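Across the two complexes that follow, chain A remains constant while its partner is chain B and subsequently chain C.
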Partner chain A sequence: MNDMRLTKQDVDMQDVKISAKGVQVFYGDTHAIKDVDVEIKDKTVTAFIGPSGCGKSTFLRCLNRMNDTIDICRVEGSIQLDGENIYDKRVDPVQLRAKVGMVFQKPNPFPKSIYDNIAYGPRIHGLAKNKADLDEIVEKSLRRGAIWNEVKDRLHAPGTGLSGGQQQRLCIARAVATEPEVLLMDEPCSALDPIATAQVEELIDELRANYSVVIVTHSMQQAARVSQRTAFFHLGNLVEYGETGTIFTNPTDPRTESYITGRIG
Partner chain B sequence: MNSETHIASAFDRDLEAIQALVVKMGGLVEHNISDAARALEDRDVELAAQVRAADKAVDALEEQINVEAARVIAIRAPAASDLRTVLTVMKIAGNLERCGDYSKNLAKRTAILSQMDPIGGTAKSIRRMAREVEQMLKISLDAYIQRDVTLAEEVRHRDLDVDQMYNALFREFLTHMMEDPRHITACMHLHFIAKNIERMGDHATSIAEQVIYLVTGSLPDESRPKGDLTSTSDMGLS
Partner chain C sequence: MSLADANTPAPSAAPKSSILTTDARTKKRNRAEARFKAYGIGAIVLGLAFLAALLVSIIGNGIPAYTQTFVTVPVYLDPAVVDKQGNRDPAEMAKTTTFGYAPLIQNAFATEVSQNGITTDMAPKKLADILSASATGQVRQTVLDDPELVGQTVEFRLLASSRVDGYLKGRVTREALARDKNLDAAHLDIIDTLRTAGVVNRTWNWDFIFGADASESRPEQAGIGVSMVGSLFMMLVVLVLSLPIGVATSIYLEEFAPKNRWTDIIEVNISNLAAVPSIVFGILGLAVFIQFGHLPKSAPLVGGLVLTLMTLPTIIISTRAALSAVPPSIRDAALGIGASKMQSVFHHVLPLAMPGILTGTIIGLAQALGETAPLLLIGMVGYIASNMPDGIAAGFMAPNSAMPAQIYEWAKRADPAYYERAWGGIIILLLFLMTMNIIAVILRRRFERRW
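Entry: the complex of A and B
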């Protein structure tokens, strides 16, 4: 109980990293996100939970403008990253996505070597001055992805030859290679076995020291384990958002209660 | 509280089964308190022996509840009101087990006391106190079954009456012991009995507080009236 309160205080003290206000998302005629206000804290893991089709992934994809790639998708409202509107015309989505990295459900390493998987981002963003610089970034990123020890002797082997869990950690390492400030994860463990899941969860907890992490997950136990704050989405609405321990022991909204206790809601 | 059913209906059955065990345990304990107090007043050694034997069933139920609760936690990973249900079930079973033990202890002392002279009308007063505690226990369990915070609050406030009954008995025992030192042994036993019944009242109150936690998600603050003065004053006798 005391520990929970410590975490709560710890999180309350963190600055707001992303501030979304009145966000609406439409896919053609479908109103997918309805007037969502949310403040995501820095150096905190925030979990989005909710049944399929509730809008949690859609909202996550708004945070680095991944929805721009869908023609019929329209986003309204304001999303600010460190006080700057990310939907401003002057913002380059490619630069934005270097700052707001993303990891997907299915590990998707490039069909290249492990080394090139990591080096790709820093190269196109011009983050390395020379080969030695790049080597250092690759090693640092692989260490942050908690996979360095497993791949250091075969950096030039194809990334696709790794196991599922290793591939996902490689993708996380690739996402952190461009020095992002926010890391978005869409169901990062749903294709992994329990051991690989535990490794990725451990990694998420370590990443919290440097990044703001937002994770979408169908596993409520995972949300409870890895996050400090939890947001529950239902039918496109943000129903409840609060400290994870409170959400899982004493939620305020009956819809949250029904969902997390496994009742029809 | 949530009246909807779980998608996994076996989860509902598990929770209902554990709660049925608590209700059964509560019924047994109420019965034992009442029998033990009756045995004391009627100097019925045989009934006292039955109470002592009946406590085994109470202990067995507590163990069964703990095993089932651990199983539900391991298998279902309950959250929110389900989690609070499992947590309160375990605590309430603990409270009931203590009440059962106190009744058993009352019955044990009855066997000794029946060989001594009665101490005025104290056995009758003790029985009245036991009846009050039994009522509190009954109401707190009703509050639990109905998830009724108002009923639970009633129990919390009723504990004051039990405390006052205990204060009165404490004073009466002191008087009897000062009047005739031959009464000391019996009074010591009777005092332990009175104290134990007062403790049962505290356990009933604790069950009522668990009901409040179960329904609201937070325990009530420590503002209920308390009336046991025996540990803080000399009761005007020295």
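Entry: the complex of A and C
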């Protein structure tokens, strides 16, 4: 993948999946996210980039209300998933998270078998009617996670016994097993070696066919490689948001240019 | 300075130091380290020495309690004494008290003595001081249990008195008997002869382990069995109450409760409760369960409730530590795929915390098992546990003692024969504690997931 491809990446005008308006996030007295407006499109990989502490992970965690688990965190503004406000009082975050799956920075498989790792989500959501159904979901998810061939002979071996890259693909497979509509990834490759990273990136590209993927990354190369749209965060502000090709080759904001050329961050 | 210059080593004024010789500072640091290691080893050696001394003294003092001196005497169960009506009716026969049996046994023993070629001018009554005061009760009970024995000569294995037992165990000497009005030196001569004849012998005494406590004057009869049952029922109460309450409290506080001033206060208070002297829990139990709740005094149920209060902080603290040791990424993983808070806790966090919880619980139980002070105030110390509880309900509600209370009671009694039994009881208590700790280790190993 070279830079020449960037501008040629076709960005189909997809439907808007998530629309955030005027989002403010406070951690106690700290104003972590300042008035962010973003529209995330369906069947697209959207990358959030920016220096450490700029709020990109915080914003990502707002999209499936994972911030609810932090007592001192307060979110204002509206975030709509398919036109429904996810911060509405009637929304149960547990139901929301089944629709908006999440993959974390550090691979975190359950200390259970590979099979049980994948089957857990479908089980608690009642997606499988019987054992055969569940077997099918597990196989399908592991195939989507691009890890089926490596683990098909040892489905009942512990998930924690896999290598780091395999564990992360297992976690992605686990996230897609619940049939989410959006997949959030918080620096999914930061704990992986380059080979595993390449495998995961390839996987992300394939996932785009079915899901809206939002990925937070520290690596601008990674953002350039996998995403169609990129948002640049700086000090809690959304500085620039647009097509990845444009952001990396012709940014409008001087701060974006400084960051991608390595002068701030 | 050019790059080439920078690469040439600068000539140093001081002689170049060699790593083959140790400099003064390093030597000093090494000496400090060696000293520290020596202190550590010293501390461990000292600790082990104390442990060894403790074990040696406990075992040395306690083992004699497990053997007891018995006298084998054939007793003719004279119908004229034991069954005056002659109809073999246990209800009628029960009218003959142990006093009635005394002459039978005294005469039988005197006969046994003379048959072994001993001539003595002691009256049979005086001679029978060699036997335990419980001997009459033992013979009477045997007769009442089996009236068919009346009229026969039955060989009884009667307990010797505690002085005789002490003589065989080397605790009672001839000099000491000069000041003792229970037994004379002449008795000891008879015992020596009977011992060679095999009439008096010292054997393993199951009654010490499974038997009941006896009155102060009959140490030879006392056993720890009934108070062991009392402890067992107490531990059941403690386990059934403190494990679910403690674990539920910990889960709520650790996983669900908001972090605010109130939960901080609760947290501090739980930690403080763990350090509250146990006698305070005893007086609380007295006030709440006995005076206010009108539960029976000295009952294992009340003892168990008091010990539950005492054990809860231990269980809560260790459970919370085990829960917080579970990596947060596991909780995130579960929440991230749409598990509810409760599902993430019960499906993922709790199983991982299980080994820690079980260990904490068993340590708490072991602590409760050895606790004496709170039992003082609810009347379990000082209660003579002389009867096995009659059924499960009575096991909880009927007055009983507990193992540590029993040991305390024995240690308190004047007769030196009880001193030995106190040590013997401690051996059993320690065996229980060791067993519980071993179970804790095994459970830990079993439940610990290495992956």
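What we mean here is this: the second predicted complex is superposed on the first by the 252 of 265 C-alpha atoms of A that agree within 3 Å, B and C clash if a C-alpha of one lies under 4 Å from a C-alpha of the other, contacts with A are read in each partner's own complex, and residues count from 1 in each chain.
Methods note: a contact is a pair of C-beta atoms (placed from the backbone, for glycine too) under 8 Å apart; a residue touches a chain by one contact, two chains touch by 3 or more.
All figures in this text were calculated on a predicted structure; none of them were measured in a lab.
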{"item": "Which of chain B and chain C A:Lys106 touches, first, second, both or neither", "value": "second"}
{"item": "Per-residue touch tally on chain A - higher for chain B or for chain C", "value": "C"}
{"item": "Touching partner for A:Ile33 - first (chain B), second (chain C), both, neither", "value": "neither"}
{"item": "First (chain B), second (chain C), both or neither touched by A:Thr249", "value": "first"}
{"item": "Touched partner set for A:Ala175, first chain B, second chain C, both or neither", "value": "second"}
{"item": "A:Ile215 touches, of chain B and chain C: first, second, both or neither?", "value": "neither"}
{"item": "First (chain B), second (chain C), both or neither touched by A:Ala98", "value": "second"}
{"item": "Chain B versus chain C as contact partner of A:Cys54, first or second or both or neither", "value": "neither"}
{"item": "First, second, both or neither for A:Met66, with chain B first and chain C second", "value": "second"}
{"item": "Common interface residues of chain A - those touching chain B in one complex and chain C in the other", "value": "none"}
{"item": "Chain A to chain B touching residues, read off their complex", "value": "220-221, 224, 248-251, 254, 256-258, 260-265"}
{"item": "Chain C residues touching chain A - in the complex, by the definition given at the top", "value": "258-259, 327, 329-341, 343, 347-348, 352, 449, 451"}
{"item": "Contact set on chain B toward chain A in their complex", "value": "2, 4-8, 11, 77-84, 217-218"}
{"item": "Chain A residues within the chain C interface of the complex", "value": "64, 66, 69, 71, 94-99, 101-104, 106, 108-111, 120-121, 124-125, 158, 160-161, 171, 174-175, 177-178"}
